[in-house]
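In what follows, chain A forms one complex with chain B and a second complex with chain C.
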Partner chain A sequence: MAIIGKRLVKQVKTTGVKATIAQRADDAFTRFTSGLTWGDVRGVLRGDPAPRPNPRVKPHTEGFWFHIRPTFYHEATTSLYPTFRLGFLSALFFAIEIITGVYLMIFYTPSPERAYSSMIDIITNVPFGMFMRDLHRLGAEVMVIVVTLHMVRTFTTGSYKKPRQFTWFTGVVLLMVTLGLSFSGYLLPWDQLAFWAVTIGTSMADAAPVLGPTVNLLLRGAPDIGAGGLLRFYLLHVVLLPLIGIIFVAVHYYKVVRWGLSLPPEMEPVGEDNARKVPPEKRVNFLPDIATNEIMYIAIAVAILAVSCATWYHAPLETHSNPLVTPNHTVAPWYFYWLQGLLKNTHIIPILPTDISTVVDRFFANVLGLTPKILWGIIIGPLVFVLLMVVPYIDPNPSRRYGQRKIMLTLGALFGALILYLSLAGIPTGVPVTGFGYVGGAPAAEVAQEFMPDEGDGALMNIPFDQMVVGEYQVSPDAGVANAPDLNAVLKEIYYDMQRRMTSADPNGRKLSQDAVAKVQIAQIQPDLKELTISISYTDDQTGTPQLYTKFKFLHKNADH
Partner chain B sequence: MALFLAETTGISVLFALPRFREGEFGGKITVNASDFPKVNDPPVANNQGKFWMVTTDKGVLALYKVCTHLGCIYAWDNLADRFACPCHGSQFQEDGAYIAGPAPRSLDKFAQEAYNQAGKLVANSDDGSPMPLPSDAVIVKVNTGKKILGKSHF
Partner chain C sequence: MSIIKKIVTFKPSFTLRVIFGLISVVGFLSACAIVGLGDLSRALGAQDAKYQARSIEDGALVYSQQCARCHGPDGKGIAGQGPALSSITFLGKVENGIEVTKSQRLIDIGWVGNLDGYIRAVTAAGIPLKSSNVWDVTHPAFGQSYGGNLRDDQIADVSLFIQNWRQAPYTEGVIDSPKPGEALGPKPTAVPLSPEQEAGKAAFLKYGCTACHAIKGVAQGAVGPNLSTIGADAANIITQADYKSSQGKATTASEYIHESIVSPNAYIAPKCPTGACVAGIMPQNFAQTIPATDLTNLVAYLASLK
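After this line comes the complex of A and B, so read on.
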C-alpha cells in the first residue's frame, strides 16, 4: 500500500492531479478490455480505420472472450452467404436459453407434487414469468431450427471436409445436446404432453436388448416415471446436458479459430483450404466490423423473439399429468416426428407384401432376435446420428464445389426428404396418399377429436366466449345463430368435415355412415363457465348398429388454453 | 486406463440405479368377482393395480394397462370393440390378443387367484390365462407382481 501510495504521490507531483486520474482510469479501462485504450475504443466506435500496428487484435491474444473468436474474417465470408450466421445464432439461442432458464429455475420445484403448480405460478403470479417461459420455449424451438439449418448449410457448402471433420463431429454432438435439452425440458412442466412424450422416449431405451432395461431404470429412477424420473430429467436438463453443451461449444469455437471460416466453395482450388491464408487487403477485422455486425444480429433476433412472446406466442401447457390416461393423438415434439414415424413401422422390411413380410419378421425375430421395435427404435434411430458423425470421414470426394458433389448433394436431399416423409408418418393423420402412420379410431370419434381434442386447441374451443350462445345446434352449412358468426362458421366446418368422412374412407378403410348427424350443445354451468358437448349419432360400419358418440369440455371465460 | 474408466462407469451406474424395497412395486390387489364385467360387456379399469378387468366366455382376465409397444396407456374403444393405443396405433382384442400395429406381442397379463368366503383357494391362474369363476361371491386376488408377457406374434 505504501509503495502504491508513494508512486501515486510521485505521479501527481510530476504530471498533476487531472492527468494522473485520466492515466489511471485509462489503465483500468485497458485491463478491462484486455488491451484496448479508451482512445482505441473511441476509434472503433467512430469507425476510424485501424492504426498500424493494429491495437484491435490485442484482445484476441490477451483476453478470453475474443480469444475464442477469429481475429479477422475473409471478406468473402462476411456477407450473408455462405454462413448465414447460423452458427453464431445457434450460440446466441443457447445463451438465451441459459439466461431464461436460470430465471425459471428460481420458481420451479422438480417434484410431482409441486412441478405443475410451479408452472401455474410462473404463468400467473410471477412477474414476467409467462414471458420468460414463452421466451425459453420459443427460443428452444427456434434453436432446433437454427442448429438444423446450420448443419444443412455446412453440408451443402461442403465445409465439413478436411480439415474440419472434427468440427463437424462436435457439431453433431451439439445437435444431439440440443435435441436432448429440448426433450429433457419437455418433462418438467409435468403435464400430459410431458408425461407421455417422455414415457415413449424412455420405453424406446427399454426395447434395447441386454442393456435396455437398465438404461430405462437409470433414466426413470423407477419402473414408471415418477418423482425419481422427474428429478433425473431435471438434473439432465439443468446440469449435465448444458455442461456437455458448453464444453463442446468451446471445442467447436476453438476449431473455428484454428481453421478459420471456410471460404465459399467456388473460391478455392479443389482440395485446398485457404481460409487462414487471407491476403491483408481481403481481411475484415473482428473488431469492429464483425462485432458490431453480431450485435445487430443479437438485437434483431432478441427483438423478434420478444415481440413474438409478447404478442402471438404462448408456450402450451396441457392438463396435469395422469399416469392412467394417455390422451388421444399423443405425439412427440415436432423435431422427433420422424422418430415416431419410424416407430410406427410394423415390419422389418416395410415395402414387402404382408404375407412375405410376416415370414421375414418371424425369421429375424426368432433367428436373430431382431424385432421391428428394436430395429427402428434402437438401431436405425441412433444410427442416423452416427451416420451424420462419420459423413466427413467416409466422403472420399475432396472437392467442395457444388457441381462436383452431385452424388453427395443428392444423397443429402434424399435424406432430407426421407426425414420429412417419416415426420409426416409421425403425426396421427399419417402420410396423405399412402396412409402410413395413421392412428385413428371410429370416424365419429375422429370428428370430435378434430374439433374438440383431448388436449390442446380445437376450433370449437376457440369460439369467443360471448359467441357461445347457450342452446343446442345441429351442424349445417348455414346454422344461422344470431350474433355468433364464429359459432356458425365452426358448425359449417364440422358439417363439411363429416361430409368428407362419409364420402372418402380413412386409411383404415372406415367411413362415417350416411345417416350420421352431429349436434353441438352449449350450456351455462356457472356465471363464467360453459359446457360444450358434441354428440354424433351414426350407424356403426362394422356392426350395423346405431351408435351415439358424445364428448364434452368445460370452458372458462378467461381460459387461455 | 481402460480398466479405470470401466470401473468408474460401473460404480456410477450402480450408484445411480434406483433401489427398491421388497414388494414396493406390484402386490396382490383384491377385487370382488362381481366387480368384473359380464361376458360381452366392456372391460372395467382397475386403476389401483393398473389393469383392465375383462370377462371372456372362458373366464376372467387381468390385463396390464400398459401397451407392449412403448408404454402408453391403451384405451378401450367401445365403438370398435377393441383396445387401441393412442400413441402408435396398436390394437388388441378384448382378451389381449394382438390385432394390428407396431406392438411386438399381445397384452401382458397378471396371475390371479380366487378365494371363497371361507378363504379357501377355489380357482387359480398362474399363467394369466382366463380363469373361470365358480360363483359371483368369490374374491379375486390379482398378483400385479407377477406379470406374464403376452405372446409374441413373430
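After this line comes the complex of A and C, so read on.
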C-alpha cells in the first residue's frame, strides 16, 4: 500500500493530477482488453486500418475470450456464402436462451401445484415477464430452425468431409441437445398443450422393447407424468442438457477453429483441405472486420426477436393440464411432427396390400416381437440421428464439388423431402393428396372442433363479446342477426364448411350426411359470462341412426379469445 | 442468378455495419421501451383481467359438471339438494369492485375470513351432514387433498365463478340456507311404500335410472327431469296443450309415466336440470330391456311420488 501510495504521489508530482488519472485509466482499460489501449479500440470500432506492428493481435494471445476466436479468417469465408452465419447464430440463440431462461427461472417453481400459477404470475405480475417468456419461446423455435439449417448448409457444401468428420458428429449431438432442450422446456408451463405433447413424446419410449418401460419410468418418475416427471424435465432443461450443450459447443467450436472455416467447395482442389493455409493477402483480421460484423449480426438478430415479441408474437398458454381430459387433435411439438408421422405407419411394410401386410405384421409380431409402432417409432426414428452421425464416415466420395456429389446431394434432398412428408403426416389433417396421417372423428365432431376447438381459439370464440347476441341461431349463409356482422360471418362459414364436408369425403371416406343441420345457442350465464353451444344433428354414416353432437364453451368478456 | 450471387457474396461496408447496428439497437431499445412502459401503465393489469376471466370460464365448466346438480345451473339453489349460491344473502353485493353489502350468510355462521376463503374451504373440504343439518344431503369434499377430484386451481376457478355473481346477485326465487338453529319446518312424514312400490323402487335403482334422474332422498342424477314429484307432475302434464299436440297418448298419470319409459320421444319434458330437455338422450329400448313386471312396479312407484 505504502509503495503504491509513494508511486502515485510521485507520478502526480511529476505529471500532474489530470495526466495521472488518464494514465491510470488507460492502464486499467488495457488490462481489461488484454492489450488494447482505448485508442486501439477506438480505431477498431471506427474501422481504421491496423497500424504496424499490429496491436490487435495481442488479445488473441493474452485474453481468454479472444484466444478462443481465430486471429484471421480466409477472405472467401467472410461473405454471406458459404456459412450464412448459421453456426454463429446458433451460438447466439443458445446465449439468448440462457439469459432469458435464467430470468424466467427466478419466477418459476417446478411442481404441479405451482407451475401453472407461476406462468400466470410471470405473465400478469412480473415486469418484462411476458416479454422474456416470449423471447425464450420464440428464440427456442428459431434456434431449432437455425441449427437445422446450419446442418443442411454443412451437408450441402460438403464441409463434413475429412478432416471435419468429428466436427459434424458433435454437431449432430448438438442438434439432439437443441431438440431435447426445446422438448423438455415444452412441459414446464404445465398447460394442456405441454402435458399432452410430452405425454405423446415419452409414450414413444414406452413402446421400445426391453429398455422402453425403464427409460419411460426414468423420464417420468412414475407411470404417468406428474410431480416427478415435471421435476425431472425441469432438471434436464436447466442443468443436464445445457451442461452437455456447453461441453459439446466447446468441442465443436474448438474443432472449427482447429481446422478452419471450410472454404467454398469450388476453391479447393479435390480431396485437399486448404482452410488453414491462408496466404497473407487473403487474410481478414478478426479485429476489426469479423468482430464488427458479428456485433452487427447480434444487434440485428436480437432486434428482430425483441420487436417480434413486443408486437405480434406471444407464447401460447392453454388451460391447466388435466390428465383426465385429452384435447382433440393433440400433437407433438412441430419439430417432432415427422416422428409422429412415422408412428402412424400401421404396417411393418407399408406398401404391400392390406391382406398380405396383416400376415407380415402377424409374422413379425409373433416371431420377433416386432410391431409397427416399435419398428417405426423406436427403431427407425432414433436411427435417423445415427444415420446423420455416420454420414461423414460412410461417404466414400472425397470431392466437395457440387457437380461431383450428385448421388449424395440427391439422397440428401430425398431425405429432406421425406422428413417434410412425414411432418405433414404428423399433423391431424395429414398429407394433402395421399391423406396419409389423417386423424379425424365423425365429420360433425370435426366441424365443432374446427370452429370451437378443445384448446386454443376458434372462429366462434373470436366473435367480439358484444356481438354474441343471446339467442338460438340456425347455421345458414345469411343468418341476419342484427348488429352482429361477425356472428353472421361465422354462421356462414360453418354453413359452407358443412356443405364442403357433405360433398367431399375426408381421407377416411366419411361424409357429413345431407340432412345435417347445425345451430348455435348463446346464453347469458352470469354478468359478463356467456355460454356458447354448437349442436349438429345428422345421420351417422356408419350406423344410419340419427345423432346429435353438442359442444359448449363458456366465454368471459375479458378473456380476449 | 446474378442477384442471388450478389446477395450471397455481399459484404457490408463498415458504414453499413454501423447503420444496421444502430438501427437494430434503436429497434431493440424501443421494443424494450414499449414493453416496459406498457407493463408500467396497464398491460400487466390487462393481462391479469384476461387470466382472471379465463379462470372464470374454467370455473363455469367445473360448476356445470360438479355443482349445478345441487345448487342449480343458475346458482339459485334446489330445494332439498343445495342452497342458493347466487343470492344476495350468500354473496353480498359488489359495485365497481367495492363491497356494498356484506354476505349475511357469513355473518350468520360466524365465519371470520372472507367469502373466497369460505367458498374454497367448503368446496374443498365439504360440510358433514350434522353441521349443516338442513337437508338430507351432505356437501361432498371436492378437493384432491380431501379425497375429492378437483385440483386446487379448479377450486380457485369455481370460487371466482361464484363470486362473479356478486355484481348482480339474485334477490328473488332463491332457496337460501336457513339461519343456524332454524329448521326448514316440519319434515313431511314419509308414507310407507306398498310391496309393489318397494319393488318398483328397487327396479329404479337396478336399471340405472339414477344415472340421469333425481328423486329426493333416493337419487341425484342431473341429466333428465327431476322425478321427486313425478306422480303429481304427470297428472298435470297430460292436461297441457303442448302434450295434447305431441305424439303422447296417455290419459292418466300412470299411462304417461309408462309411455315416457317405453317411448321417451313421444313427448319431451320441458325442464331438465341443465335447461331444456333434448330428444334422444333417454335410451329408446327400455320396452325390451325391462321385464313387464318390473315395469309395472316401476310405474306404480313413480306414480306414488307426489
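The rule we apply is simple: the second predicted complex is superposed on the first by the 537 of 561 C-alpha atoms of A that agree within 3 Å, B and C clash if a C-alpha of one lies under 4 Å from a C-alpha of the other, contacts with A are read in each partner's own complex, and residues count from 1 in each chain.
FYI, a contact is a pair of C-beta atoms (placed from the backbone, for glycine too) under 8 Å apart; a residue touches a chain by one contact, two chains touch by 3 or more.
Just so we're clear, the structure is a prediction, and the values are computed from it rather than from any experiment.
Residue contacts after overlaying the shared chain place A:Cys309 against chain C, while chain B stays out of touching range. By the touch criterion defined above, A:Val439 reaches chain B but does not reach chain C. Of the two partner chains placed by superposition, only chain C is touched by A:Phe131; chain B is not. Of the two partner chains, chain B is the only one touched by A:Met204; chain C is not. Of the two partner chains, chain B is the only one touched by A:Trp196; chain C is not. In the superposition on chain A, A:Ile106 contacts neither chain B nor chain C. Of the two partner chains placed around the shared chain by superposition, chain C is the only one that A:Ile123 touches, whereas chain B remains out of contact.
Note: residues 547 of chain A belong to the chain B contact set and to the chain C contact set alike, using the contact criterion stated above. The touching residues of chain C, when paired with chain A in their complex, are 7-12, 14, 17, 20-21, 23-25, 27-28, 30-32, 34-36, 39-40, 43-44, 47-54, 56-58, 60-61, 64, 74, 151-154, 161, 164-165, 167-168, 275, 278-280. Against chain A, in their complex, chain B makes its touches with residues 13, 16-18, 20, 25, 45, 47, 50, 65, 69-75, 77, 79-81, 84-89, 100-102, 104, 152, 154.
Of all the residues in chain A, the ones that touch chain C in their complex are 47, 78-81, 113, 116-117, 120, 123-125, 127-128, 130-131, 292-293, 295-296, 299-300, 302-304, 306-307, 309-311, 319-320, 523, 525-529, 531, 546-548, 550, 553-560. Put simply, chain A touches chain B in their complex at residues 196, 199-200, 202-204, 206-207, 214, 217-218, 220-223, 228, 323-330, 340, 343-346, 361-362, 364-366, 371-373, 377, 437-442, 444-445, 540, 542-543, 547, 549.
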